[in-house]
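Note that the chains are named A, B and C in the order they appear, and that numbering of residues resets to 1 at the start of each chain.
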Amino acid sequence: MINTGSGHFFEDFRLGQTIRHATPRTITAGDVALYTGLFGARFAVQSSSAFAKAIGYPDMPVDDWLVFHIVFGKTVPDISLNAVANLGYAGGQFLAPVYAGDTLTATSEIIGLKENSSRKTGVAYVRTHGCKQDGTAVLEYVRWVMVNKRDPAAPAQGDHVPRLPDAVEPRLLGAACPPINLKAYDFILSGSPDRYGDYAVGQKIDHVAGITVEEAEHQIATRLYQNTARIHFDQFNAAQGRFGRRLIYGGHAISLARALSFNGLANAFHVAAINGGRHVAPLFAGCTVFAWSEVLAKAELPGRDDVGALRLHTVATKDQICASFPLKAGDGDDPAVILDLDYWALLPR
Amino acid sequence: MINTGSGHFFEDFRLGQTIRHATPRTITAGDVALYTGLFGARFAVQSSSAFAKAIGYPDMPVDDWLVFHIVFGKTVPDISLNAVANLGYAGGQFLAPVYAGDTLTATSEIIGLKENSSRKTGVAYVRTHGCKQDGTAVLEYVRWVMVNKRDPAAPAQGDHVPRLPDAVEPRLLGAACPPINLKAYDFILSGSPDRYGDYAVGQKIDHVAGITVEEAEHQIATRLYQNTARIHFDQFNAAQGRFGRRLIYGGHAISLARALSFNGLANAFHVAAINGGRHVAPLFAGCTVFAWSEVLAKAELPGRDDVGALRLHTVATKDQICASFPLKAGDGDDPAVILDLDYWALLPR
Amino acid sequence: MINTGSGHFFEDFRLGQTIRHATPRTITAGDVALYTGLFGARFAVQSSSAFAKAIGYPDMPVDDWLVFHIVFGKTVPDISLNAVANLGYAGGQFLAPVYAGDTLTATSEIIGLKENSSRKTGVAYVRTHGCKQDGTAVLEYVRWVMVNKRDPAAPAQGDHVPRLPDAVEPRLLGAACPPINLKAYDFILSGSPDRYGDYAVGQKIDHVAGITVEEAEHQIATRLYQNTARIHFDQFNAAQGRFGRRLIYGGHAISLARALSFNGLANAFHVAAINGGRHVAPLFAGCTVFAWSEVLAKAELPGRDDVGALRLHTVATKDQICASFPLKAGDGDDPAVILDLDYWALLPR
């Protein structure tokens, strides 16, 4: 029987299981350009090798979320091809910068399993590691995902919900950021004078602009990551499904929000850690995405006086501007909110 | 009179004529990335320089069909700008691997001409050669195409139908595949344990997933190849035509089918030869493409024990899943079938 | 107060002001490939490093208009985020070739300011310089743009309309074109035998083919240039606006017209200067763009016998073929005309 990639079902996973994922992927200048064309981020460090070199990188690093999406994409055929929903993220850390020419691979460990009472689905907790060709770890994160069972009667191979951190501790931040030469950091070229010290906890920032998503765009992006989740690509089957249409990869909203966040966070040049995240509502082509952020906390990094970290809560909406910082409505989520993301970003001090 | 690229008509071709085509094209990492974004293929050899180098390539090779499309694209302004239909392919061989940085040029020879009885059109048989900057042949293939005449009264410049092989002989396969170090071929990273010996003649494989095509996608792809066939790009004129809309380049369906075929043929890492192919029905934006394959034959390669060849019949459909392997309906083609392709692919032994 | 990039209003500009623009941008092979995919130009010099090297370039140069769009894009957040309309261009000169790997930055000078009688808007005249990482000037041009005032009562910071040249003088052309080795210029590979001497002043050329524009395409292109003008990306707000839909970046029509102009101008391999340009009417997704050109003048370049310059008037239309060279209708513009561009292009002699 030839393997045609039907993916795992909930009862196939066992606690402690390690899965090496397929398709190592060399990131190139081509991926970087296409990512720019799809999202339009303007952070100077990722846009200019001259800028990056001046401040201390050996070359311009690949956008952190592009690294994330490629690592995430590798896990899909093994972890979430039969998923109902991607429920959350925790403990994400960027561990080394990635440059054009690096080859990424991914490995996942099943760290928790909890069958749902219906016995039709269960939640798998998965810690994924992304590595370079030389074994250097570049990213790790935990996600939990609700996965269908093939057979409701089949026993789950474990029953454990792992403890996950609310947030990555500041002492763990910065591994992917070389020492930054602040004297060479040009705040005109970077697009804003605002640095670490200019932000205050509790401050809210409307990122102002909006981006309408087209089917071709999210499909190209998601294929670029070799993410094979069928709901993003197959209108023929989606037409029969719950939404009647293709669902956009949740990471697309993250990248859009990150690009939009340049308006107000132009010097937040590096996403150092992902504390948590939730895809609050589905996003479809034709919708326009807006975003706003709140500074949840600030942290100095032990032993470093070049950069500081902002803990940011970035919220993305569809078809609603963010001047009034939409989040909740009554007891629930504002229906316009699609993404609720909590992460640490580094800025020059 | 300035040349504005009106193309040749059937009576302009003469038997034995050789045409050097315009626009040499350097393939770069950018082309490779965009091709990945458009089709999402996951074959490890073309995705990872680390994987490719480990098994014996000097670098990751460019996807075989991307090479084909670029060579084919060069021929369009001279051969098929005034074509009615691309009728078939035969005798296609990939002769050397192509790497980012290589520049491709194409030359064609008119090897057959057969005017149709209406005298309004004729069939031209064309053997095309693709070469690198140093003269290395990378690809050759024959296609035949029905071309309009400018003037029905004009005499055809030849009357000859060439004999074409039903299939490329196994002894001719493998020129574009260096010796493969099987010890270094990682069957986890490649996505499947299935190798040459695991396939049986007659075996049918449903590639399961489907991909919906958007206008922007096929236009970007086809322009990437510098293919100038107007029916793919010009809705204003297409609106008045036979279909009322833009027709997708037939090669787009080939690349989609190839990408889909990873589900079941993950280790068929190299397309070595094209035995034949037919664009059975037109494909339009909005349709979802599915595919299935049958193993027509197996062949060892003389003097090589690293790889073996599967002769594959890959069928693509629109808006119909392939679980039941659709092909014929009564005496004709199943109306869902758009592509019927016969080729040799190499797998590790 | 955090800077969220709200841009300048007319009264913020002052005569003589110099603005260094944000986000230095390294152009890579990825940008070049994506640009090819979006427009499909076939000029041999920009398509093939082998061809470019043979005739005297150290490598294939980046398409002139891609350089222009990236430099232009940098100016948008500072100059035209609050613009009503981009009124015109003058005095554009390409000053050095750009290669993959070069990093571009842009600086603008306010050379004229003229408030409109309504006091709600004014026209700013801006000279922009694009430079490489080593300070080499690659492009300069003037544009004038109607910009909103924040406060109609605020005084304008100057009242001066600069004198601008009708056309760039031939003695200023060619700085970005190295000496061309005509013996190595292959007129088969370049796609046409027509060289400088084959064109006559007054000659009109229909570029024949048409290209339909999709929303995803112009959004990807405009983001690739990091151009942040919101009207190109935000359907949610555009729906409430004057057109009810996203407006395509004017430069998109320029690149389409340039790509189409290969049919008839295949050897006009380098745009040396921009004499003037006007976006006559808005372009929307779904429209098909056609183009034609007239040779306005011919010029030899002082001290050079390798290349000559054609002064070209290229007109682009939407949803109208150009066989009859549409331009005027009665006293005004033909309603199909979207672009009226006057530039110098170099051809082999």
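In this section, a contact is a pair of C-beta atoms (placed from the backbone, for glycine too) under 8 Å apart; a residue touches a chain by one contact, two chains touch by 3 or more.
Since this is a predicted model, take the numbers as computed values, not measurements.
Same or different interface residues for chain A and chain C, judged by whether over half of the residue numbers are used by both?
Different, since under half the interface numbering is common to both chains.
Can you give the rotation angle that fits chain A onto its twin chain B by Cα atoms, in degrees and rounded to the nearest 5?
Best-fit rotation on C-alpha atoms: 120 degrees.
Provide the C-alpha centroid distance between chain A and chain C, rounded to the nearest whole angstrom.
About 36 Å, centre to centre.
Send over the residues of chain C in touch with two or more other chains.
28-31, 33-34, 100, 214-217, 220
Provide the residue numbers of chain A that touch chain C in the complex, in ascending order.
Touching chain C: residues 28-34, 36-40, 42-44, 47-51, 60, 100, 188-194, 198-199, 203, 205-212, 214-217, 220, 262-264, 266, 286, 288, 290, 319, 321 of chain A.
What does chain B use to touch chain C in their complex?
My answer: residues 2-6, 20, 22-26, 28-31, 33-34, 77, 100-101, 103, 105, 133, 214-217, 219-224, 226, 228, 230, 233-237, 246.
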